[in-house]
């Protein structure tokens, strides 16, 4: 919980209407590259889990995958549907509870990298997973923070995964659920957050990181078939665009194959590829 | 030695739900797909309870039942969705209709509020919520939602979340003896703190075990009987969700539930058929079908 | 820990120099009568445990005996030497830890009665188990609070057991470890203590309780062979002495026999009776 | 699947003690007679460590060794005695000699300070200590000993105790795998919080078990490997105290120890013979004698 994605979540993550499996594969493959070997990783269900497991199967065999429900060093052999899914249990080294994972481990400063999705993001990487519309008259009630606010507050690094829809990349959030870089340099320090804030935003159009001077979002790479202009046309804030924008490398065949091995029933990847 | 009497705290699900007056505040156990007290939410709906305030980190089908049926009008929670399946539509509709007010916290904040309640102290410090709308906006707790203070030791900012001591705590566990000593396998989520923070505690369990079994390995007891007011034996009490070591989630039923709740009509159809249309929990299980239920039973060594 | 007795503790509680077993029996038998059936009892090792077990074997079979180390509803078949002694484990209904017993249970307001010993007591039932002498230049370092301060703060009722030595019944404590009725009426309320404070003080000379008006110590009964004047001669504060002072009833033969069954090795009762 | 490497964190007791610089602050595990890391205290003495600050609820023989040998000069504790046997004489002498400073707390206060440290928040609220000399007097923490504040929610007085994040946490457990996943049977005392609050964690264990055993029942893991820096296998590491399910206390040795410590000469005799006069923990066990040790082994179903 907390890593559940955007309001139309089932498009990206649901099991019901899974048409764009190749985009999911792409997102998971890119996200996996941001996980480093030996790290303590907060993996929820869905894309974060798939990305973390893919990393573990490829370049980062020694990551410690933690689910906020209480599972530590989890090695699921079937993809779980819930952070509390028993599928996380078997093969884990400890199965405890929330005070352990969100309190001792996460707030204790021991999580290297956490994943979050969001319905809206602003140019400092602040996230909304709570309401669309005003707080007094919401148009849509989203899942809420779950552990998201805790993860954004206390994980050393934050990887944000979102489907790319212009309305999500906003100048001002309808509601700020999770802290990114707040109002820019010095903001997080003012509140003594345990964690370092967002490092990268991965969409199905591009990767974005944060300009170290201003802590504002900056284009990092565009996916094959897209240009920097495509991205600029699809955000509502002032995106920093450096001169040279590389193209994001494609997932390898091995990565695709491993992902389908991890999700044989196509729970997350969809069944179209079978 | 004078043998102590062993109090038998078992009552029926209907009797347990009757104990809960309209307007009560409830700690609600289980986490995600694991051990939610879904049978209790259905019984609360059948008894047409109203104006409950449900406090939990997050829950899924049970929250949907209580939101959709009008049992609960307030929630103090961090999360409502069916996770991988998507949004919780009943909650979404009721919030937009303003029939439900949600006071938003994070999971850690709620877990710490239960811990503070269990410890009988008025607040707990946490390092989340700060600088966001979770800190700035409140639906109904107003200035009792939280406080950000300057730490008297470090001078730095820290959030204090108010402890919760709800009228009732409702949890669902694997095994219990008739006096209320309960064992939980797998993760505990927030149920250790949650079971201690309520003024009364009702424990649902998949099965009853003998007291001897409890006293043979007391370090396996997760909830001692001294906290427990009522014991309710409810096999498959978390269906269509899962109970570690006992049964897996019923994905087909869950997807059907989720799909139906996309519309008010669909939800009403489910509500009439599976909740109001059955006399009690066992009639619900009959309707689901025992062949289906038996097929969900957990297999070794997986626990699902 | 915390229920360990006075500095010369071994006279009353130790296993080394156990001569006055009949006084121990007397103290335990009286203390047991203050435990009511069905209560949640914080029993440490030593006299409190013996008293609680005796109560359980006689008039209070349904008490729930809790050791602060983590044992709940303990039913030891041999007397333990430590609050953490494994002898408390077998037959208990739960064995957890300190946050559970001192936090959730005791501070949670669920302990009906706790036992404490002390090296000094003042006329409001405040206790010293820390230092004899001044804080800056202590003559004796005593065990300290252990869980004593917590028990005195949060148990509904407190039973105090002490060997009767005039120097222990003082006008002013050398150090106040555990709160009794503090400075009298209203004091505990000012600090919002969870528990109600001391109810009775049991010595090997008399029983004392607290005058409801002033919350000062009052003579309740004298043991056979002693007079009110004996007690007055053996306290250094102003003891309230009502007109009629009953004599404390003697332990029954059954109580003595049960105690020896509980402590067959004479760990607490001594071996002189064998 | 790329197999992860399993890190072998095992080092010797001597190596582990060498990691602890003079002047370090240590969380000290075990409670009462149960699972105290006595072997570690003896090794610290053999290595002539100085000026350690020992933080624990209370401990007994191990505290006496560290007080008597001059290893520790400060304690933040609630209790020092040998319980039923009586006072801790070494501690008593060293305090009167002013070679040791004790900052006094209650057991709950210390447990909450470790919990606060584990949670990485600066303080925890408790409802003890107030209105006593535990609140009013401080030996060396001064205004960082505790604060009594007016609760911002209720307006009533509440104590805040400062969290502890010591340089090292030292605990002794029943079983561990070589990467550090540890199981504890019986009570946990304050070792859950204590093992999480230190900047480094050294776990002593009675025996090593295979990682497969850990991963077969992960809900039995009390300390996950991710917290653990070093593993030290020390059978009979709590002698002359007890380890639930493994061995009982050695009452004869314990009484001899307690009697000797009544005088400085007696303590020095014990110190020279059983601590400085042996090369390491196994030489100590040899000196105690394996016939004696074997006779202490726990019997079913008692665990002692």
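Order of writing sets the chain letters: A, B, C and D. Residues in each chain are counted from 1.
In this text, contacts are C-beta pairs under 8 Å (C-beta built on N, C-alpha and C of every residue); 3 or more make two chains touch, one makes a residue touch a chain.
As the structure is a prediction and not an experimental result, all values here were calculated from the model.
> Select the chain at the greatest separation from chain B, using centres from the mean of Cα atoms.
Centre of mass proxy via C-alpha means gives C as farthest from chain B.
> Sort out for me whether C-D or B-C is joined by the greater number of C-beta contact pairs.
Ranking B-C and C-D by C-beta contacts puts C-D first.
> Cα centroid separation between chain B and chain C, in whole Å?
Each chain's C-alpha centroid was found; their separation is 41 Å.
> Between chain A and chain C, what is the separation of their C-alpha centroids in Å?
Taking the mean C-alpha position of each chain, the two centres sit 58 Å apart.
> List the centre-to-centre spacing of chain B and chain D in whole Å, with centres computed as mean CA coordinates.
37
> Compute the distance, rounded to whole Å, between the mean C-alpha positions of chain C and chain D.
27
> Return the residues of chain A touching two or more other chains; collapse runs of consecutive numbers into ranges.
Answer for chain A, listing residues that touch two or more other chains: 71, 89-90, 95-96, 99, 103, 107, 194.
> Where in chain D do residues touch at least two different other chains?
Within chain D, residues 119-121, 126-127, 156, 158, 186-187, 219, 301 contact more than one other chain.
> Of all possible chain pairs, which ones touch?
Every touching chain pair, ordered by label, is A-B, A-D, B-C, B-D, C-D.
> Going by the contact rule at the top, pick out the chain A residues touching chain B in the complex.
Interface residues on the chain A side: 1-2, 4, 7, 9-10, 13-16, 45-46, 68-71, 81-87, 89-90, 95-99, 102-103, 106-107, 126, 130, 135, 138-150, 153-154, 175-179, 182, 187, 190-194, 267-268.
> What does chain C use to touch chain B in their complex?
Touching chain B from chain C are residues 40, 56-58, 61-62, 64, 71-73, 89-96, 99, 103-105, 107-110, 194.
> Quick one: which bits of chain D touch chain B in the complex? Just the residue numbers, please.
116, 119-127, 144, 147, 149, 151-154, 156, 158, 160, 162, 185-187, 216, 219, 301
> Which stretch or stretches of chain B touch chain C in the complex?
Listed in rising order, the residues of chain B that touch chain C are 1-5, 118-121, 179, 181, 196, 211, 214-215, 218-219, 221, 224-226.
> Inside the complex, what are the residues of chain B that reach chain A?
Chain B residues touching chain A: 30-34, 57-58, 60, 77-81, 83-88, 91-92, 95-96, 102, 104-109, 111-112, 115, 126-134, 137, 156-158, 186-193, 242, 244-245, 248-249, 251, 255, 258-259, 298, 301-304.
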